[in-house]
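Letters A, B and C mark the chains as written, and numbering starts fresh at 1 in each.
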């Protein structure tokens, strides 16, 4: 079995700060990490590798420094990796990104399974998984929270939906997107780090892929960002202190009154 | 025909409420652009009353494909049905709910149809000069809003965050057509087989809840959770949690609110023992009314709250629950 | 020969005088509710709390000086207070009187980038100094673990240590100069922007760690270092405690590399924290963990260091070594270390937090003895902390089934045993938390009477009326 895991390098949301004056994102000092939700995709692949035996490949599209994300995946136990990077890819929206990723996966393939995280914490669209599936003409199951069984031709999984879970079986090859319930991602080991350093990571640029150049980059993207602005969530918190017994009573009364004014409680 | 279409949803034959939220969006756009508002709906044994309800609440036309193959959501048959409608009616705009099915189906369709798709929109508008759909969505954990358009490809597609708008009201005497299509040949084929549905043990859906009591690490241990449930019960609210609580195994993942969990926009959000990490705020800061209890007066959660009690939750909650319950009798 | 000092109360007249000095709204008096938060620090429980009679929040050295003059005239005790995040009662007004909070003196006064020095007021949150310095690629290295709340003034008063002391040392290494308001109200400058200075006694180092008994610091000059651009952590799992602690001194001697920090966690600490966090790491069969941090100017340098040390540790029998070199994984490994305390607080709130320090090479034997003592008395004694600098935070945790009486009776016996052992190894009572009024009764287990008399002499030459934070470290 061969499994491809799509991962993205994202800024660490914890260190992302907004400049209150300009309303822009302060990039200085922001470190990059593997999209936290992609770690569950990597973990799923590694569990499958342990249980059923598989060759696992991490695939990432991004600037040259995104190679760090691929190395981190290998340090966690993934067998190999590929970085898809070209200036011509810059500005790609999800359609163009999925188009490029699908071409790369086809070239690196054949794969029995492609696993993606639920979404990336920066773009937050969650569209890449199903879009890759559509582009490759494969079935896809999203929001997978449990891998129930896997055979040569079929996987059975549970997927989380609004009011419960669905159990479905999907023919292979196919695409899964996973949520964090699949299992806590393992940490990279020293052995893994050393292996990652020694592993030759495949680098793919525009010239290495079979792509229609009018479908890539900013120009090939169907969507356009026309405006970015700061949300106007203006809240003024009425804070009451309840740091000892006497104050608790009064604070609770004030809260009750507030809830009544907001019609959360009947007045 | 170039109309505005919504992808309505049904569960076991009953039209789901997200469909009526989508109608609200569609009506607002149709009023600006003068286009017709249509709804598509796929399923099996769909109740007729539901179809009429789509019309009562704003659809000018409802196109239905009712077939055993569509009983449960399967991405391949469903996407073939949409593709059929795209081909037949050439919509200008297609809106779907940012639900687990909508967020699977629309990207699958957009890729195949080669058009743009904007995920999880919270605001929609029509650009007056061009008539283009302006799709606004939160980015970078809700720190920024981005407005996106799709100028050169059709249809313009977007998924809409559930509960980000009220449901369209019934209007007596509205008329519209209900159009039944047969299942397209390609939609008979699925490489995914539905086996069974396992309902969440606890009957709840966080994203549907109007009121949520959300617990953070301040609760200290799982044994203290009954206090939270008691508060939630008194308020008629669902229970949610921060990542810290989920990671410790105190509640299951479907309860998680925040960047790596669910995004919620209830009418009332009660944060208990939550410091307010940016990842959590991203999933809740657009709630209508936010109340927080935390012992740290500097806690970030107070920055997005309307009302805050600085104090020990174990001291504050018992009298609060008591008082809410007492009030119950007076209602 | 404990001399008894009589103190007077803060009368309404004195309160008025204080109001005239700092302004009406910066004095809290006769308002129990508002005074209460100033009666405690971060020591769990209520045993070491004491209410102040008044809280004063000055803005300048001149105002502090005026307060001290009034206090001397009236013989009212004065306790300086930073953020109140201490762990030995340093900011608690053990004899009541006036608490002087420096929270309004929170300005960064000057960055002297050429000399790599910064001048700050005592109420600056320590973490803010580094937030401010980031932009200049500079860094203040002497900060403790509670960095998000504590004030620099408190750090200097307690000579705080913390996680990075193996490589960077403790607060004292970075304090070059102070503007001091003495207990009698004189404003004196000591030290300065000098890296060498033998012009008289080294009063700067006397003031650092004096726990607020010798004066206020109204200005603090700190030495800075270049900001390390890269960091990585190794989380090393071992079969036994011995495997882990015996390696601690060898890591530096055998590899020639000084990690930024070397934190140790024994089996019970690891288990409590991992259970609490629902951490999925394979810790069940692990007897101890070491958490090593490396930092440096480049990623390559840090990689080189952790690989060398990591290979050395692997060769010496680690079960597994995990590498964290980005914010997400770093947070995950450090979370374990940081949550030990909280994990035990949930288990039982009856605890005694110890801050034992021994010569680093004595760590293995000290821990072994401590575990034996704990086992003998039937209590839990998770050990964790800054193994790299010989400083272990042992907690004596009361079994939940014990009665309060039994706990109160047994704890002193346990401590006697532990302290006797630590002392016999050349160790001391506190590495970084301080003595305060919490630990002073055990001072004589560790230091001679002659030493204490020297301290008493120094104290009286600064503070003849013994009004400055009386009842701390030792009795006069």
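To be clear about the criterion, contacts are C-beta pairs under 8 Å (C-beta built on N, C-alpha and C of every residue); 3 or more make two chains touch, one makes a residue touch a chain.
Here the structure is a predicted model, which is why all the values come from computation and not from measurement.
The touch graph of the protein chains shown is complete.
Pairs A-C and A-B differ in how many C-beta pairs touch across them, and the larger number is found at A-B. The central chain here, found by comparing per-chain C-alpha centres with the mean of all protein C-alpha atoms, is A.
We define each chain's centre as the mean of its Cα atoms; on that basis chain B and chain C are separated by 49 Å.
Centroids built from CA atoms put chain C at 40 Å from chain A. Centre-to-centre spacing of chain A and chain B amounts to 20 Å, using the average Cα coordinate of each chain.
Across the assembly, chain A contributes residues 14, 36, 243, 247 that each touch 2 or more other chains.
Here chain C touches chain A in the complex through residues 33, 36-37, 134-135, 234-235, 279-281, 306-307, 310-311, 314, 320-324, 326-329, 331-333, going by the rule given at the top. Those residues of chain A whose C-beta lies close enough to touch chain C in the complex are 12, 14-15, 28-29, 31-34, 36, 68, 72, 75, 183-184, 186-194, 243-244, 246-247. In the complex of the two chains, the chain C residues touching chain B come out as 276-278, 346.
Residue ranges of chain A in contact with chain B, taken from their complex: 13-14, 16, 18, 23, 25, 36-37, 93-95, 98-99, 121-131, 133-135, 138-143, 145, 156, 158-171, 174, 179-181, 221-231, 233, 235-243, 245, 247-249, 251-253, 255-256, 258-259, 262, 264-266.
Partner chain A is touched in their complex by these residues of chain B: 72-76, 79, 99-101, 103-112, 114-120, 134, 138-153, 190-200, 203-205, 207-208, 211, 235, 252-254, 256, 259-260, 267-268, 277-279, 282, 285-286, 289-292, 297, 302-312, 315-316, 319-320, 323-324, 327, 330-331.
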